[in-house]
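Presented sequentially are two complexes of chain A, the first with chain B as partner and the second with chain C.
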Partner chain A sequence: MTKARTHWLYLAPALALLITFTYVPVANMVWYSFHKWDGLSPTMTGAGLGNYVRVLTDEEYRRVFLVSLYYFAASFLQIAVALYFAVVLTFQRRLRNLFKGILFFPYLLNGVAVGFVFLYLFQPGGTLDTVLGFLGVSGDHLWLGDPDIANYSLAGTSVWRFTGLSFVLFLGAIQSIPPDLYEAAEIDGANRWHQFRFIIAPGIRRIIGLSFILAISGSLSVFEIPFIMTGGANGTRTFVIRAYETAFQFRQIGLASAMAVVLLLLVLLITWVQRRIVPDEEVTLS
Partner chain B sequence: MIRIGKWISLIGAALVVLAPLVVVLFAAFKTHSEYATTGALTPPHDWFHLANFRTAWTNGAMLRGFLNTTIILVISLTGTVFVGTLAAYAVNRFQFRLKRLVLGLFLVAALVPGVTTQIATYQIVKSMDLVNTLWAAIVLFLGTDIVSIYIFVQFMQSIPPSLDEAAVLDGATRFGVYRRIILPLMKPAIATVVIIKGIAIYNEFYIPFLYLRSPGLNVISTALFRFKGPYGAQWEVIAACTMIVILPTVVIFLLLQRFIYTGITAGATK
Partner chain C sequence: MPIIRNLLAIAVATTLLAGCTGGAGDDSTGPADFAGDITGEITVLTNRTDLATTTLPEYARKFTAEHPGTKVSFEPVTDYEGDVTTQLSSGDYGDVLLVPNTVPVDQLAQFFEPLGSVEELRPKYRFIDEKAYGGQVYGLSIGGVAQGMVVNKRVWAQAGVTAPPKTPEEFLTGLRAIKSKTGAVPYYTNYKDGWPLSFFNSQRAIVNDPQINEKFPADPSPWQPGKIQYTTDGLLFDIVHQGLSEKDPLTTNWEGSKPMIATGKVATMVLGSWAVPQLRDAAKAAGANPDDIAFWPFPVQTGGRFHSRIEGDYKAGVSKNSKNKATAKAWLDFFVNESGFAQDQQAIPPATGQPLPPALQAFQDTGVDLMEIPAATTNAGREDQIIKESEIDLAGNIYRQKLVDIARGAAKGDKESYFADLNGRWGKAQAAVMK
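Let's turn to the complex of A and B:
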């Protein structure tokens, strides 16, 4: 029967795209990473492990790695704030949808627009300085120009942009806990804190774990916000911005590929660790 | 006390979210001299001063940006719906030996951070002669989307297979089942995918920035980004341009909230 194989016909377009635009590039990338190549000339010269040695030992690359730490630290703030508002809005009916919408909205905005909104906010003598002036902190700050604070400003922007996503995910997880559990607990004399500690926290452990993993891989691959707002100037260059420049401005495809491979391995490692720590209860995809 | 604290925190958060946007809205309606002389928190003198929007719209070639974005959206979303539902149909309605392998391929691909592989993907797109054509963005948005396939498979599980069997007994082919039974019933899932992915494509910056270099190919994101250079000193015009980009998102969000929440939740917890 020919019928037995028709499923491959249905899968073919998806698989072809997947292989052409993900697996072939990844394989090529590994290949490039062992070579020296400008992306144009028909030949490339072997470089052995040279590219990797440079990525892992050069001071410049260690610095761009450390920039991720600002974003990683900021993601703790993001998760804490998101969790707080998810719990608050679970127990409150009035205006819930309004606040939910407001908190979530920044996540939907165009990244370039977000970048410009905050470029405007952070202007010396701009909105932020004016508001701080009302609060008694006077003086203009170079929020994006001063290398000591630029990364805080950018990480703050990223918190503004992504808190809404964590919040909606947490809220969804909390709301999927059967409400009669709270009632039963209340009859047993539990207060709000007990309810949080013994009903909500276990119910959302998985999604919080997932959020931390996403936070790690997310802070390693930060690109848009700093690229749009500072272009990587003033000590805000991230690993991915550096990889972009290496590949598309300095035309060192081999070196950039080595960077990308290192990042990819890190992300895969983190995901693997997460799967070991927080095993999926169900794999529904089949 | 706790009640008051709760309200203060909620209102405070709302202010933190909205204030940065509102001040940009203020700036967009100010004249150049007004912008220079008034503070950022002062509302504009004339709410119908639209000159900045006009400058942004024409000089920033926003119309071209919206046009290009729309072309990319229509083609890649249509493609995603067919590629995705067909793949989901194979995965959900057929039993075959390599199914786990295929699913694994899709799942692992979802972990690869797209921004980094572009270094190598660029060489592939270049070898296909697609750089500096809208097709570069279209094929890249079409490819490797585990989230859409996941949403489709989830939904398809709720369509009883007895419907398929009844149709087959009536003489329908397997493809007929897909076209006449599955696809029409998938409408809610298709709507979710179209909205979520549509927003993602509208917001995408890196791919158009990398592949659509010539000014005639600007999409919304890159039109706004490249607008900053020449107008760097005229913040009131940049503000207007930013507002033009944000407006469609506001409208879509107000109209389609429910779908957006469902899709985001399904997508992120895959």
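Let's turn to the complex of A and C:
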């Protein structure tokens, strides 16, 4: 057996799974997006670009993108908090593993469970109001019922859930920086802030860049948390919830596929722009 | 932040739907052939996960006693509509199953055996035209419900109301009295769970017009004053707008609302008669009096009478792909006519001539005409198409949640502007569908 053949043999299982469960469904989805189909009927009728025109021109569809802005803003908070804890825990040795566990734990929880937990937290007179009451802030708040607050509550839940993920990414990157650099810096008289500014931040620039891509794509495709907690009601409907409703409530599979394709293209576009603005250079610290 | 996963979830789900549309049978609508020996095994899909290991096998034992050599097994499905719709396109969906409401009537013949013509079955069963197309019946109701509202009689009596209100104004006055005289929440929308809002769509009988389903798709603006949607959705709007519903609709919970109405913390909910036994059970569990729960008609009269729509709950049919159609048909006939399922569930028996359950007898005695509303025939399926096209989920909760939001001041607009918007969107889709 030649060497090239052996390569393919090893690749085959992974490729088979990838093609069956990723590329074929995506190709199918693109195919549906050019048709009008209810998901049951044995015949589809061609729709040309009609579905795309509707997604891009109907105001009902564009408006849901605005909801993503709340999650996008929240992701800055998420990155800042995660970065702070990652740096602190790099220098702090005592109980480090305990805190790592505590911070990462929310990410391990199932999104549906998180939704239900926070649903009780946000009830008027629920846990959050009780805790605020101890702190002297009294009164029942409609954390989900007030349309001015609902999206902040949901975005806050999202921060709580995903901070752990950013934290672990940052921590891993920071630990790959050679420790003797800090010692050398300390001898040169650098304090903690200087060390962060001139050693850690440049050292993990790629991971920070990656976090922003994840933040943008994540905030465009928020689904579980608002779906479980409000079902998209009260002005919290996101693009993916809308696509889900279009596909499975109104059974317009073609239109929903077009929405999914638009979302995919949008994320690819934003990633491309981001890579052009912040080029991915090799980082050398020495 | 699993963007790709979300996209794929949609893609994979749609592939599942697409994968095997070939599994659906051909479109021929000749009379079905149920000849053959009644023997062997069949599988029955059911949404009653709570009964699948208790009551249902008991009916199956009775059936096996009548037809030795048969074996009926049940496959409970929690998310019945969603899961079974996906299963349908795989071609493998048991022998007897409840017809998911996602299947448009003009596609029934692809998945289900015709059970007989409408004329032939009409004298024997109620609700036969609900899953019929082209004169053929594809599903028999397993039990019917009446539409109206569930009330806690004791709370209403404390507010001085003992007979069902006859007009929306009288009803709202009653709710206001409950708010001021008792500590109860006058009306509970169940906004968060959503589906209870859809019962405002089940009140078409109030106009006392058997042709309403035929006429409905022909109307480009059903939210005009005086028309059905204006009356029903308008009442919901007024209830919420006047502050007569729960304070935070976003944290409501159906299971939690049952003991609330049972113990008198909530006074009213618009629901079907199927809810009465459940709420009485909740009253027993909470130590309250089950007799406080009563079923009243929707507060609109036409010609001096209340009218309540009665309709079949789920309709059961025989799979086109069943390998044992003779036994499947025999089970369906047995289940609908002899099993006693409808009586056990306090539902309206599907076979004509069997007596009404006691709760509904009392309901009828308060002066309500129970009426069946035939499905549209010349405009069959058109209403569904307009719903899809306009994305106004008439039978669902999405646009009614928006209505509640506007009514409680959480979204921009007022009753007139929202109804004008609905009329506009509906009219546009209606013009495209009915052209």
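In this text, the second predicted complex is superposed on the first by the 263 of 286 C-alpha atoms of A that agree within 3 Å, B and C clash if a C-alpha of one lies under 4 Å from a C-alpha of the other, contacts with A are read in each partner's own complex, and residues count from 1 in each chain.
Everything that follows uses one rule, which is that a residue touches a chain if its C-beta (ideal position, glycine included) is under 8 Å from a C-beta of that chain, and two chains touch if they have at least 3 such contacts.
Since the structure is predicted, the reported quantities are computational estimates derived from the model, not experimental observations.
**Q** Contacts for A:252 in the overlay, against chain B (first) and chain C (second): which applies, first, second, both or neither?
**A** Only chain C is touched by A:252; chain B is not.
**Q** Considering only the touch criterion stated at the top, classify A:240 as touching first (chain B), second (chain C), both, or neither.
**A** A:240 sits against chain B and chain C alike.
**Q** After the superposition on A, what does A:103 contact: first (chain B), second (chain C), both or neither?
**A** Only chain B is touched by A:103; chain C is not.
**Q** Considering only the touch criterion stated at the top, classify A:147 as touching first (chain B), second (chain C), both, or neither.
**A** second
**Q** Looking at chain A, which partner touches more of its residues: chain C or chain B?
**A** Residues of chain A touched, chain B against chain C: more for B.
**Q** A:124 contacts which: chain B (first), chain C (second), both, neither?
**A** Second partner only, chain C.
**Q** Check whether A:39 is in contact with chain B, with chain C, with both or with neither, and answer first, second, both or neither.
**A** In the superposition, A:39 touches chain B and chain C alike.
**Q** In the overlaid three-chain picture, which partner chain does A:191 touch, first (chain B) or second (chain C), both, or neither?
**A** In the superposition, A:191 touches no partner, neither chain B nor chain C.
**Q** Scan A:175 for contacts with chain B and chain C and give back first, second, both or neither.
**A** So A:175 meets neither chain B nor chain C here.
**Q** For A:21, using the defined touch cut-off, is the partner it touches chain B, chain C, both, or neither? Pick first, second, both or neither.
**A** Touch partners of A:21: chain B and chain C.
**Q** Can you list the residues of chain A that touch chain B in one structure and chain C in the other?
**A** 21-22, 24-26, 28-29, 32, 39, 123, 126, 165, 214, 217, 220-221, 223, 240, 243-244, 247-248, 253, 256-257, 260, 263-264, 267
**Q** Residue numbers of chain B touching chain A in their complex, please.
**A** Counting only chain B, the residues touching chain A are 6, 9-10, 13-14, 16-21, 23-24, 27, 39-41, 82-84, 86-87, 89-91, 94, 96, 99-100, 102-103, 105-107, 109, 111-113, 115-117, 119-124, 139-140, 142-144, 149-150, 153-154, 157, 174-175, 178, 199, 202-203, 205-206, 210, 220-222, 224-225, 228, 235, 238-239, 242, 245-246, 249, 252-253, 257, 260-261, 264-265, 268-269.
**Q** Inside the complex, what are the residues of chain A that reach chain C?
**A** For this pair, the touching residues of chain A are 21-22, 24-26, 28-29, 32, 38-42, 60, 119, 122-124, 126, 142, 144-147, 150, 162, 165, 214-215, 217-221, 223, 230-235, 240, 243-253, 256-257, 260, 263-264, 267.
**Q** Which residues of chain C touch chain A once you look at their complex with the stated criterion?
**A** It comes out as residues 1-3, 6-8, 10-15, 17-18, 21-22, 24, 82, 85, 88-89, 102-104, 107, 110, 191-192, 194, 247-251, 387-388, 391, 393, 396, 398, 401-402, 405, 410-411.
**Q** Give the list of chain A residues in touch with chain B in this complex.
**A** Residue positions touching the partner: 3, 6-8, 10-11, 13-15, 17-18, 20-26, 28-29, 32, 39, 81, 84-85, 88-89, 92, 97, 99, 101-113, 116-118, 120-121, 123, 126-127, 130-131, 160, 164-165, 168-169, 172, 207, 210, 214, 217, 220-221, 223-224, 228, 240, 243-244, 247-248, 253, 256-257, 259-260, 263-264, 267-268, 271, 284-286.
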